[in-house]
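What follows is a set of structures to go through.
You will see two complexes here that share chain A, one where it goes with chain B and one where it goes with chain C.
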Partner chain A sequence: MSDELKTIESITSQEYKYGFVTDIEQETIPPGLDEDVVRLISAKKSEPDWLLEWRLKAFRHWTKLQAAGAEPTWAKVKYPPIDYQKIVYYAAPKSMPALSSLDEVDPKLLETYAKLGIPLEEQKQLAGVAVDAVFDSVSVATTFKETLAEAGVIFCPFSEAVQKYPELVRKYLGSVVPYTDNFFAALNSAVFSDGSFVYLPKGVRSPMELSTYFRINAANTGQFERTLIIAEEGAYVSYLEGCTAPMRDENQLHAAVVELIVLDDAEIKYSTVQNWYPGDKNGVGGIYNFVTKRGACRGDRSKISWTQVETGSAITWKYPSCILQGDDSIGEFYSVALTNNYQQADTGTKMIHLGKRTRSTIISKGISAGKGQNTYRGQVKIMPGAQGARNYSQCDSLLIGDQCSAHTFPYIDVRNASAQMEHEASTSRIGEDQIFYCRQRGISTEDAVSMIVNGFCKDVFRQLPMEFAVEATKLLEVSLEGSVG
Partner chain B sequence: MSASTTVAAAQPAWLLPPPEASFAGQPDNLTALRRSAWEQFTETGLPNTRREAWRHTNLDPLKQFAFRPQAGDVPVSAEALAPYRLDGEIGAVCVNGTFRPDLSNLANLPEGAVLESLAAAIGRGALEQLQAFEFDQDQPAEGLSMAWLQDGIYLQVPQGVVIEQPLHFYFVSTGNDDSTVSFPRVHIQSGDNCQLALVEHHIGLGSQPRLTCSVTRIEVGPGAVVEYLRLLEEGAGAHHLASITARQQAGSQLQMTGLSTGGDLQRNDVTAALEGEGASHRMAGLYLVRGREQVDNHTRIDHMAPHTSSVETYKGILDGQGRGIFTGRIVVHPAGQQTDARQTNRNLMLSDQALVHTDPQLEIFADDVKCSHGSTVGQVDDEAMFYIRSRGIGMAEAHRLLVHGFSAEVLEQISHPLLRAVATEQVNRWLEELPAP
Partner chain C sequence: MLDIVDLHAGTAATAGAPGTNGAGMTEILTGINLHIKAGEVHAIMGPNGSGKSTLAQVLAGRDTYEVTAGSVTYKGQDLLALSPEDRARNGLFLSFQYPVVIPGVNNIYLLQASVNAIRKHRQQEPLDAVDFLVLVREKIAEVQLDESFLHRPVNEGFSGGEKKRNEILQMLLLEPSLAVLDETDSGLDIDALKVIAEGVNRYRRADRALLLITHYQRLLNYVEPDRVHVLMDGRIVKSGGPELARELEAGGYAPIQEALAAAR
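Let's turn to the complex of A and B:
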């Protein structure tokens, strides 16, 4: 046992690997938030009037919420109150390079990506993955545009979409997550600086997996990106996002909004590997990851699949959800959330069944180590019209160490007698007999733990695209290295 | 709309401070306790649906009723209770919350055990035990019941005493002319290694709207074995708010089963704290809901000591526009290492208009534990139906058989044969009125 404890200590004492600051000249605005800041952000992006109006409406709504003290407190996470006037709401690398080729991109940026293990050059050769890299809040490089353009796929930074395809953006923006949805969605709607926009016309299968990389670099900035993906009838896309942030002592706020819209027979597969800075082992610093992600299966036989691997952030608070409107539509949610040291995670999903014969699957795996706190919170709602709806949920928690905790709060509302709903949850720790079995066969405790944890998460990793699955496995090893007893 | 608003604006008597006359003749310390309970109740008042624990149950409609406490000395015929009597039972009867020695039958009570009116017990100095449990701010029955405290049943079983005959506590509410509110309380103290089986039976004899705010406290001493069955069969017009709290010492076993059939609105908060090492607990519930009835069960099991175990099984059958709510929480405290806890909630929906909310919850602060929960919502299996019908059994009968089979899992868990029999009868009464699909 003492050996195991030592291993645990060595793992938990592992420092954040991606903690470096890229020294690039940044263009920022002074901290604080008022209508002028919203106007300024909008002006910097030369946005049309309707979008500015929308931002202002969102900002006024947010101000009202804040005045009413409506900042949500129901989640099982603890953090000191956020001073929204101390945050910088816009930070962009100053010298925006022309994006005709990678050579023109600031080499320092490329270096950053190289350190992160996703060099764009390699990506370019690694056929099948196009990268739209978001550095702080502005997209700086987009690859494989031509290949995608040939297929008819629009994949571009959000700000570019606003200029080039305003009618599409205007039609769908806020239609799944309106600015009145919640406190952080309102904040995001007011100040979002960039993000990704994907549009798949009727019948188009994206020829490659799309990928975005987010990185928060400047101190005291918030990242408020907005992603909008629309899949027209029969279209298919697999979209990946990865996130990191350098080491910063102060907590940084990340409040993103992701909206997915899927029409008849279309499918979106959305995968996230989130590795924001989790704070040091005393719980100082780290990212507050307060994200609203929601997809609407508007068409019949449409499908949305969320996969997430959450190993970072001081606080993770997100519930990727599916609104299953179309008949026979399918929602899936696969999640691995790991909390170590003082990390807190309150995450889960919402499956709202409206259409007939809609199906949803929820597989959630929570791992708590150190003083980590892991909560699954999910809702399955089967409305009266959802004849023959089907849901299966499974939430498992793994406890590593005696100071962590795991909680499960599923909310299940069934309003239709023909619905079938199953929910299962379990909590356990790595059995001493399991470790013993592996040790007996000459496997070190650390490897045994890593093996068991990987086995525990297998159901979720299997859903990830190949490159991400490898990265996720590595991330888990890094985050837990040797940590288990 | 405006009419209901005006009714709600004027507080009914049961939401006003208890009249001074009700304190007459009571000991000073009880008066002080009741007044402070009223203070605590007014801090939150009747909870609204913005409170997490009350999201699915709206108590506002209760405010339109002018419930009034009724006298306990109204005539109740022995025949009215006869159908419920068990063989050889030790029966104690409360009418409208007041203990009635004339209807009770304590002949079989073994020597050493005390079974008496709560008022008498308080007179003898049992007041401390009333305060031994924490006040649950989320359950208004707690505050109301203490503030209006008049009477109830007090049971004390000393060390090593085994009571073989079932104890049967009746709580009868009457009221054919007036809306009744009653505040029955049960306090049970079981000493080391004693053994007993108990039925708490709520029966409605009146036709007017009624409200029962019931509080039950069970202390289970080290090594004691206690079985507790709670039957709610109050009929149309009945509203029931209950708080049942148990504390278990080392090596004790407690089995609590709740059965709900009938009543417009029921809310049961059942809490068990496993305080002693090796305590084991079984919690079961069956709620049969039809018409526009609503049953809301909130349970909580705290594992506070090592090597404790709990098994929780709640099942619901929902017909008509019935609403069933289950919120079950298992909390494993840091000291609760080697906890083994299992929780299941299964619901059978017989109608399209029925509604189920099920929120099973786990909160775990220890690492060496085995905990699981599961919940399902489904309907009568077509294949099983076909199988039975292919053997020449009619539609209605086949349906009833399957529904009965679904409820059997809970009934079979009741260990004492007489307790199982009385619960089964109650379920059968409900099933008889079950319409064919």
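Let's turn to the complex of A and C:
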């Protein structure tokens, strides 16, 4: 192996820095899943009957799918069968009565979030980001509630929304991702424990970025959160989510559902920096990140923009999508997915064009290093009524080293001849000659690699809110430690 | 400035391949001796495959080549013990025969990172974006490149001449002590050649040295060398003053090859 390769190996092998476990008293239920568990979760949340019914329908559907062996296998990822009876479906920090302020939150939790660099404490709130923190299955604290309430924005834990705004939840829950959508969405619908809820009334622009931080702490626990965001006519919100988990030898399942609903002239910008524990250098442990995210542009001139930076998880299975129903509605998907060591990612988007003159943009940047496997899978569908629809897709892959792989599966389905479609794709490799060229100009191998990778990702990073862009850049550097060739 | 003594280098080869020595190497440099003083300009000429580019790459520290014997002393240090970036930071510059394309990375970004890496080594404060822009605008005008080249990805879509001018721009920005120009004159039209030559002459100073690797006499019409060396089969077989380059231009390498054969 050349010196360059060796140095790059060492850069890409840096340790996962969020791998600590918080020693906190947990209330958990025994592992396993049956109707009683679903009823128990619902009871713990004091949910109304209609929601319990919905969960039970979802559970029955999931049971049927499981019996029929319908767990999806089409993705280009490999993992041993998951034993769903060994997973704990509910874990919550003990002593979680209703909290009226952050002072009442367990200091150990606050310490955890401080370690993660999440602006939870009051002084950090000056940063101007409202945060909802979800620890294992339960929402711990939502900040900035009053400021948001004054503006008319509702931002609260999902379980709280069920109590306070049942008619909104009932109207929109499952309206974009029905529980019949897929295996993992069915499972989530049956056992989801919490998540975030955002509602923007007509004409309201959120005065600040909203952010949710997800943390899996307990062992053998699945995290199943549910996010629902509704933007009424002319409303706007920029929403960010971040995720981390401790280092554990077992794989842990994370199956979330996110639903976005956008009405006339409204816009939701949804950004994710996903840094779940990726497993160790030999591919032991790590999170299975099987997530269904979809937004519906129901209104005319509405817009949904997904931006994701996926550096964590042992396996990522995720396709944030847009259903462009309203005329002149816009869907965007900007993605950076990085796989190192033995990580696998199968990620992309679906853009379903229904309305007239709907437009979509897809920019996907896949980076594979180590023995990582990175797949872009995307579908662009132009339905017969989508007169004058346009799509632009660009899928670029960057390979680092000679043990990794990149795959691209674009599906294009056009049923209206007036559509304009553009698709560009490229595959490149960080070559030793590029690194040598930089070194001959006095730049170290580490800096050369990070410069090239950042250059590759800049079209996506540009879409992130400033603070997140900085974090994403750093995260990429850390995730690449020990990987180039 | 630079002392090369009995330098042997090559690439790992499949065992038993022709030209393979006992260590399983294909030897390309077979005993180079070269001494360059501060303020001097040396030119190395030679036919294709004689080892000219290998010498340049070995000096810059490319690890595709393995040094099997000999020594290289640069400013009193063992050059071969330094990493490529430390050689660069200590003032060794290579103008690449084939400058590398780096998609996605803007030229100005690479230039600034490079200048600041070298400034850091010299214990100077890094230049901020504004100061750097002032400096780079001055230098880019000297090589007659448009400022738009600063904001394009490194060497992407550059013509051959633009790539070479970009190399000279880097040399002028980095202010090295020893610049090795590997066929920087190949494939250039006469105007571009003049621009390159002017850049090179602007770089020359009593405390700086130059090693020009070239096929042709024509660059040497603009940049007068102190010494000209002929490289053949990995060794310097003849050295002389500027007149040697003119002889080669007129008569080619054949007479030297014949003389060598006769001497064996």
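The criterion applied here is as follows: the second predicted complex is superposed on the first by the 468 of 485 C-alpha atoms of A that agree within 3 Å, B and C clash if a C-alpha of one lies under 4 Å from a C-alpha of the other, contacts with A are read in each partner's own complex, and residues count from 1 in each chain.
As a convention for this text, a contact is a pair of C-beta atoms (placed from the backbone, for glycine too) under 8 Å apart; a residue touches a chain by one contact, two chains touch by 3 or more.
Note that the structure is predicted; figures quoted are calculated from it, not measured.
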Contacts of A:Ser428 with chain B and chain C, given as first, second, both or neither: both
Partner chain(s) touched by A:Leu399 [first = chain B, second = chain C, both, neither]: first
A:Ala419 touches, of chain B and chain C: first, second, both or neither? first
Which superposed partner A:Met451 touches (first chain B, second chain C, both, neither): second
Chain A residues touched by each partner, larger count belonging to chain B or chain C: B
Partner chain(s) touched by A:Ile443 [first = chain B, second = chain C, both, neither]: second
Touching both chain C and chain B, counted on chain A across the two superposed complexes: 428
Residue ranges of chain C touching chain A (in the complex, touch as defined): 60-64, 83-85, 87-89, 93-94, 96, 99-106, 109-110, 113-114, 117-118, 121, 153, 170, 174
Residue ranges of chain A touching chain C (in the complex, touch as defined): 2-4, 428, 431-434, 436-445, 447, 451-452, 455-458
Contacting residues of chain B [partner chain A, same complex]: 52, 334, 337, 347, 349-379
Chain B-touching residues of chain A, taken from the complex the two chains share: 74, 382, 384, 397, 399-402, 404-429
